[in-house]
Structures are given as structure tokens and as C-alpha cells.
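The letters A, B, C and D name the chains in turn, as written, and every chain counts its residues from 1.
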Amino acid sequence: AGLAARFQERIDAEERIEPNDWMPAAYRKTLTRQISQHAHSEIVGMLPEGNWITRAPSLRRKAALLAKVQDECGHGLYLYAAAETLGASREELVDQMLSGKAKYSSIFNYPTLTWADIGAIGWLVDGAAIMNQIPLCRCSYGPYARAMIRVCKEESFHQRQGYEIMVTLAKGMAEQKEMAQDALNRWWWPCLMMFGPPDAASEHSDASTRWKIKRFSNDELRQKFVDATVPQAHYLGLTLPDPDLVFDEATGHWRYGAIDWEEFKQVLAGNGPCNRDRLAARRKAHDDGAWVREAAQAFAEKRRAAKHAAQAA
Amino acid sequence: MAEGSIKVAETPLVRYLLRRADDALILGHRLSEWCGHAPMMEEDMALANMGLDLIGQARTLYTYAAEVEAAGHDEDAYAYRRDVRGYGNLLLVEQPNGDFARTMVRQFFYSAFMDPYWRALMASPDATLAAIAAKAEKESAYHLRHSAEWVIRLGDGTDESHRRAAEAVAHLWAFTGEMFEADAGERALIADGVVPDPESLRAPWRAAIADVLAQATLAVPEGGWMQKGGRSGAHSEHLGHLLSDLQYMQRAFPGARW
Amino acid sequence: MAEGSIKVAETPLVRYLLRRADDALILGHRLSEWCGHAPMMEEDMALANMGLDLIGQARTLYTYAAEVEAAGHDEDAYAYRRDVRGYGNLLLVEQPNGDFARTMVRQFFYSAFMDPYWRALMASPDATLAAIAAKAEKESAYHLRHSAEWVIRLGDGTDESHRRAAEAVAHLWAFTGEMFEADAGERALIADGVVPDPESLRAPWRAAIADVLAQATLAVPEGGWMQKGGRSGAHSEHLGHLLSDLQYMQRAFPGARW
Amino acid sequence: AGLAARFQERIDAEERIEPNDWMPAAYRKTLTRQISQHAHSEIVGMLPEGNWITRAPSLRRKAALLAKVQDECGHGLYLYAAAETLGASREELVDQMLSGKAKYSSIFNYPTLTWADIGAIGWLVDGAAIMNQIPLCRCSYGPYARAMIRVCKEESFHQRQGYEIMVTLAKGMAEQKEMAQDALNRWWWPCLMMFGPPDAASEHSDASTRWKIKRFSNDELRQKFVDATVPQAHYLGLTLPDPDLVFDEATGHWRYGAIDWEEFKQVLAGNGPCNRDRLAARRKAHDDGAWVREAAQAFAEKRRAAKHAAQAA
């Protein structure tokens, strides 16, 4: 109990908890789950954008998209490393994702149908992710906070890049502008759902808030996102797919319409348009790659044995 | 003008540049197909990295070709608006990814040639070419190291990885001869000292291959018939399908800017 | 006019025709991908045969749509010059071929719906629709018989074929709900008696499925969530890649006649 | 010896030999090899054209091409059936092809690079095939002769269809005409090689001629093909890729330049541009389909057993 009280004091004093520090089992568990889900999201998130690398409409965009997806893989790697400081192994975490036990962000269960979706993902999905992630740069757990600082820097670059794709489309031919509007129509609501259930219905938040893992509520972050994004959409000359959207002069916030939480639940339950394709793709990569990983391990062991033998001789 | 395929005024230097750019683009495109599907995340990173380097090389080469051709084309016109018969890449680089062993052996065969090639090209009196080569050489040195390490690891790993690596070497060998070819236009550039003679790299290439394959406990294939045709647009059937994906957007939205 | 994608003036009947045509074209295209790669030559023949029937159905439906739309479009304009969001086919038919079990289960689910559907449409007061349906029904009866026979054979064959057939049923089940949907435009056509109500075919479809799966020693999946979106152009990521191949030539050579 | 003499008398009298008739072992062997090679060619021949079904430039062409490739598969099936009348089994013949022991026509080891190649294959490859095959309609072996009658009828339809594709291209935009010329350039010489080595170098012909399997020499058939095809090329406004091609007023024949038999030998030896891809594709189809064939067999046996059991009860 003394340890727990001391721990909470450190948290309250905004000290960073480091891997070798004492921490409550529930804190460790919550963080392991959150960080690894975040890592899984980065890895699964490579797929929808990866779908357009081979069809990117210019070499400049192709290179930028490939670099972006590579960054996401890098984020996955830092995040797995951060989770590993809590005592989990990457392999075990990845297995949980592949078996469907661990979740990844539901947003990646929507398909990328046109090039504009690549713009919309950068602008909206990365935009929403940043809203969620900036406060995590001050998360009480040191390795996670540091990983998030690096991730956020790259994400905001991606977000600007995505917005720039949208600007180009919005200024382009009629077909391009339509494509941009269509992408906004499809991605808007799922992005609002990225912040999770409304505060009234949200679990986990209490402990996470006390531990300074979570510093803003889902609804607060969602509102920040809406307030930041609506003017950007207007600048593009696009219409948000929400007839109830209205600026509230009194509060200075944009009020948005009702979110279809049934859709959210269904996607979370595995019934989104791409859940099965995403898991199937990751499983296939994992299974097809097994012989490569085994070869690398066998080779490393052979070399180690040879080195020992040489040293012994 | 925004419709259909472009006509390229192919002077020897333009053709030379387009062929090398095509090599880099097509191989980079193939590597990018792995994105999200690699055997381990570190290789997702590495394959994307090599793909990015190659696409970057293609862009600088196309851009220089556009400058030399001076017909108002740009990198995208070359990449997206030439049909399969206009592409001059090596057959080697258009071969499908296959398994990871094929991808790595393909990369190794190519990089073991390109790395010394870029080094030789750094001495070109053409300052643009020399600069492109200097940048590319740093990249190809890494590609060579990375792919050679994998060839060794797979060859000397498990029985299965050995079998797959040996199969990849056997399958891709016939596509390596084309790297050493030069047509009359390129011969003229060689004679003028503008570009190196690929033939002069054959012996060092063989030596590098022999060294790595030996470490990989793999045999160097015996001579054998060499496939060619890529340089003159006589490709395999694989390239056309790659191009339908690669070029779809530019073809479907003629004149659009992205 | 020869460039880029077309705009379609989508009256309910035009949209109705394009959606059915898209179903037939995309499924026919998928079947044609097997050509030369089937598990036995007899199936190379049968898959090509079904593919031909479906492409033929698509052509008559597109041609009728062109007549109704009266905007100067033709079958090829609809097939080759609409982007992925303009295609209104069922998600079911765009699913990749997978193994032979997936292909046959997909065909069976579709044909078990379409065969009675065409039969019902034969009673349409629209003489063109009735005639199209009469021809298509003869074809779909064969498709249904052939695919049902294979589902039974695979389900009640070896352990491996049973496992694959069961996996195919489980995988494709979620795409079957969309067949019974109708939007407001189609509801109006149904109300006018021009086309049958797909909902009225749900019970017979279920009965046919239950009968065949029982013979195949396969279980009928329990309800579950149904995917939709194909009818309004919200496709899977697979369709875009199919279209880059399908449309490449018309996109790359705008205005050419073939 | 009496049997052999009687057999040759029947041949000389233009009688058809039927499956149950006595025939020399060498006749049986020669025919089995020739018919099965012909069957293999039809099957492997599906691949180069199949490569363009998904990209055919109009729905009409797509349907026609799919129907054509289907016809080729049908030809393969009749021909295997004809070979089976000689005592071989299709399975064993197919295995010989897949193992590389049995040959198929080398022409299918060239790639189809553009849509014009589909025209050129119909016009030139099918045209050459017909030249070879028309005399086979009078082959001494009944089942082969009858199969060839049916095959030739369909082939000449395909040939006209291919020529019509070329006419359309030749009358089309500059790019289409170039595409047609390019296809002619690439297919012309390989088509001349389809008739086999020059008579001076040819094997097997003596016995085949005596047995009335072969009624014209390779060079005779090649000349017929050249004479028929050159005017068609001229009608298209295309140039044959042979600077030595000249009309010989005295003989009424087109004289053509020297054929590169080294290329022919290399392709035959497995070094053509597509030999490995073709075999790999057929082997993959065969291997991937094994479980389907096994399932069909297991099912048939179960049903047979059930029927027996029902009859016994």
C-alpha cells in the first residue's frame, strides 16, 4: 500500500515512471494493452494505404506514400519496443493481434477506394490520431511518452501531406473535387468514432485518468478534432456529411450530429468492411514469412556455435 | 496532348537514361508491392527503404532525360505514359517478387552489378550523371550489403530456406546476362567516355556473386542460355500487368494534376 | 468526349440495369481469370463457359441501359469508363477467386439467387427485360446445377475438400445479404411490377442453400452480420485492382476503336 | 510381315486405320507422340492468349477471346481422346508434358506483349497451324483425322477473327497501326519456324510420309503459308520483317530470307522467352488442382459404394 501511494504521488507530481520502477499490476496491464493496440494499429494501418502505393498517380506521390507507410511500420516498431519494456514480448503481442484477441484501431477496417482516400486518411485519420496522441507525449510512462513524441512529429508531417493531397484535388478537375468530397463523406464519421464511445458510456477512463495516461476525455478530444477540422474542410470548399453541424457562437465550438454507435460496435465486433481482409493479410504475411524467420534464427545459431567453437579452439 | 502515350525522341543519351530509370522504377515498384506483407517488420522497413531509393533514382534519371530530350516531358510522362514496348528495363527487375528468396536474390544480382556500375559512372565527365551516380552509389552499397546478407542467411539457414534460395538463383540466373549488354547508341556513349562499359564489370560481378554464393553454400550456376529483350522493349508478360496498376490513375484521368 | 470517365444519367431503370450488368461482368471477369489455370481441363471449359454466359448477359443489359439512358453511351462506355465508385455490383461477385472451393461457392450463392430471379423477371411487362431474363435463365440454370454439384462433391469429398468448402461458405456468407436489398429507385420499379422483389426470393434461396449444403455435409451459417455497399459503389479494395486490368486498354488509348 | 504388308496396302489404298485395327508399334508410337504433342500445344496455347482476356479492349473482343481460348481447351480434349484410342492415358501424357519430357509447339514460348499480339496469333499462328493441319484431316489414322476436321473448322474461324483484329488495328489510330506492325515483326519468323526444320534436316518424315500421316514436307507447307500470308500483310499495309522477301515471277512463289535456326533450337531446348513461365503455370494449375481432383474421385467412389450397398440391400 505504501508502494501504491508513493507511485500515485510520483504520478501526481508529473514524474515519469520508468521500466525498472515499481508500478501497480493494473497500470502495467493497462499500458501494455494500450501501447500494443497502438502498435498493432500502426502495422495494420499500413494495409489500407499500402493498397495505393502501386497506383499512386505521380512518382512524387508514390515516393511520399511509400515513405509514409514505412514510417508507420517504424512507429509500430518503437511502440512494440515500448510495450516490451513492460515485460511483454513482441512475438506474443503480435500473436494476440493475429488471433483476433487484441484489437487495433477500427478505422483501418474501412477500405481505400480512390486516391482521395489517401488524402483523407492523412488529413482526417492522422489528424484524429494526433489529437489523441499529443496528450500521450506527457503520459506518465516514460518509454511511451518518448515514443509518442517521435510518432507525433512524423504524424503531423503526414497530416500536412494528406491535407495537401486534398488541396490539390479540391483545386483540380471536377472529377477530382468529387473524389475528394466522396472521400470526406466516407471517412468523416468513422474518424469521429476514433475517439471512442461518448464519455457517458466509456470504460477504463477513470483509472487511466488517475494514472495520467489519459488526460482528456473522448468527447473533449472529439470536439477539439471537429473544431480544428471543420474550417479546413470549408477552406477546401467541401461539405461535411452532417446536416446538423452548426457553429455555436456561445461556446465557440462546432456542434455535430448524432454518431451511429451501432456501426462502431459492428466494426469493433469484426463486421467492418475490411476486418477479415486485414487480418487475413497480416496472417498470410506472418505465415508465409515463417520459413524466413526460421532461417534467420538457424543461421544466427550456426554462426554463434561456430564462434564458440573458434573461441574454444 | 494530355491523352494517350507520349512519343520520345530517343537520342542515345535519352535512351540510356530512360533504360536505367526504368530499371530503378520497376524494381522499386516490385519492392513496394511487399509493403505490409514482408516476413518481418524489419524487412517491411528495409524493402520500403530500398524501394524508396530506387524510385528516387528513377526520378532523377527521368528528370535528367526530360532535360536532355527537351520535348516538354517530365518524370511522370515517362513513367505513366509509355506503353510496355516503350519500357527499356532489364527483364530481371520485372520478374514477380515470388517468395522472399526470389526477391532477395533478384536484388542481390542487380545490386552486385549496379553498385560498381554507379561507382564507375561517378567518373563521368557529364556532371549530372556523375552526381546522380554518387548519390545512387551510397544507396546501392546498402542494397548490396543487405541483399547479400540475406542470400547468405537463407542459403546457410534451414533446409527449406536453402532449397528456396537455390531455386531462386537457378530461376533468375538467365536474366543476369542482359546487364552486361550495350546497344550501338550506348557503345557510342562508352566510346566517348561518358558512361562505363558494362562488359568491364562482368568479371568483378562474377567474383562478387561467387563469393557470396559460396558463403551461402549455394552453387554458382553453369553458364547457360541468357534471356534478353528487356532493353529493346521485348519484355515478359509480367510487365504489362504491373503497368496497368502503375499507370491506371494517369490513364483514367488524362490531364489531371495530382 | 473520348477522354476520362463518363457521367451516367441514372434513372431508376438505368441504375437497375447497370447494377445487374456489373454483377454479370465482374463475375464473368473473375471466372475468366481461371482460364488456363483450372484444376482440370473440363473445368477450364466449364468456367470459361459460365464466364462467357455472364459477359454476354452484361452486354445485353448494358446495351439496354444505353438505349434507356439515350445519352450516346454503349456497352463499352459503361464497362470501361466508369470508376470504381460508379460500379454497382454486389460485393459477392468481386471477391477474389481464391481456391476452387471459393469460386464454386461464390458461384453457387449467386446462381441460386439469380436463377429464380431471372425466372421471375421473365414475367416483366418490359418486353426487353423479359427477353433478357428468358435467355439468362437458361444459362443460370446450368450455372446453378454445375456449381451445386461441385459444392456437394467438395463438401462430401475428402477431409481437405470439406475443410476448404466449409471455409469458403463461412467466408462468403456475409456477402449474400446484399442480394436481397433494393433501394428506393428499385422499390419503385418493384411497385410498378416491372421487376421482381428480391426479398420475395429470400426463403426459396435459403431452402435451396440448405438443401445443397446438407447434401454437401456442410452446415448453413447462422445469421450473422451482412456486408453491404456494393450497390452504392462502396466496394472492397479488390475491385479497383480488377478494374485497372479490365480498363487498361480503353484508358490508355482514348478514342480508339478495337 | 503379312500384317505389316497388309497394313501398308490399306494405307496406300487411303483406307482409315481404326483403334482396334492391327498397326505397327512404330506407327502407334509416332502417332501417340504427334497427337499428344498437338494436344499439349492446344493446352499450353491457352496461356499466351489467356494473358489478354482480362485486358481485352472491348466487351465484344473479350467474349470472342474467351470463347477462342475455350475452343483451344476443347481441341486439347478431343486430341487427348484421340491419343487415348492408341492406348495411352491422358494423365500419363499430361505428366510427360509437365515433366518436360514431351514437347508442345515452341510458338507458345513467345510472350503476348500487346493486344495486337492477339490479332497476330489468330492470323499467323492459327494460319500456320491450319496449313499444317488441313492435310491431317486426311491422316491415315481415323480418330486423328476426324478430330482434325473439327479442329480445322474452328481454327479457320479463329484465323479470320485474328485477321479482323489486325484489319481493325491497321485501319485505326497511328498507335494501333504501329502496334500491329510491331506484332507482325515479332511473330513472323517464329511462325515460319512452326513448320519445323528445313526438309534437308528433318527427321521422322520418311516413315510419316509412308504412313500418310504427313502428306507435305515442312518446306512445302512453309511456302504455302508464306504465299498465302504475304498478300494479306500487304492488304493490311504492313511490312514483313524480311528484307529478302521477293516475289518470284517464274515460280509464282514468294521467296523468303534465311531463317535463324539457332533461335529455333534454343527455344526448343527450353530457352525461349516463356518456356519456364508456361511450364510453371501449367504445373501450378496441376498441383493446385490436385485436391479438387482427389475430392471428385473420393466423392464418386463414395456414391458408387452407396449405390452398391443400396442394390445389395
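A few notes on this one:
Just so we're on the same page, a residue touches a chain if its C-beta (ideal position, glycine included) is under 8 Å from a C-beta of that chain, and two chains touch if they have at least 3 such contacts.
Here is each chain with its UniProt name: B, C = Ring-1,2-phenylacetyl-CoA epoxidase subunit PaaC.
This one's a predicted model, so the numbers in the text were calculated from it and none came from an experiment.
Of all chains, the one whose CA centroid is most distant from that of chain C is B. Mean C-alpha positions place chain A and chain D at a centre distance of 57 Å.
Note: centroid distance chain A to chain C, computed from Cα atoms, is 36 Å.
The residues of chain D that reach two or more other chains are 55, 175, listed in rising order. Touching two or more other chains at once are residues 4-5, 83, 244-245, 248, 253, 255 of chain B.
Under the contact rule stated at the top, the pairs of chains that touch are A-B, A-C, B-C, B-D, C-D. Only residues 2-5, 83, 241, 243-245, 247-248, 251-255 of chain C touch chain B when the two sit together in their complex. Listing the residues of chain C that touch chain A in their complex gives 4-5, 83-85, 171, 174, 225, 227, 229, 233-237, 240, 244.
Put simply, chain B touches chain A in their complex at residues 25, 29, 32-33, 35-45, 48-49, 51-52, 55-56, 58-59, 62, 75-76, 79-80, 99-100, 152-154, 156-158, 160-161, 164, 242, 245-246, 248-250, 253, 255-258.
Put simply, chain A touches chain C in their complex at residues 48, 51, 55, 111-114, 175, 179, 182, 186, 266, 269, 271, 273-274, 276-277. Contact residues of chain A toward chain B in the complex are 43, 46-47, 50, 53-63, 66-67, 69-70, 73-74, 76-77, 80, 115, 165, 168, 172-173, 175-176, 281-282, 284-285, 288-296, 298-299, 302.
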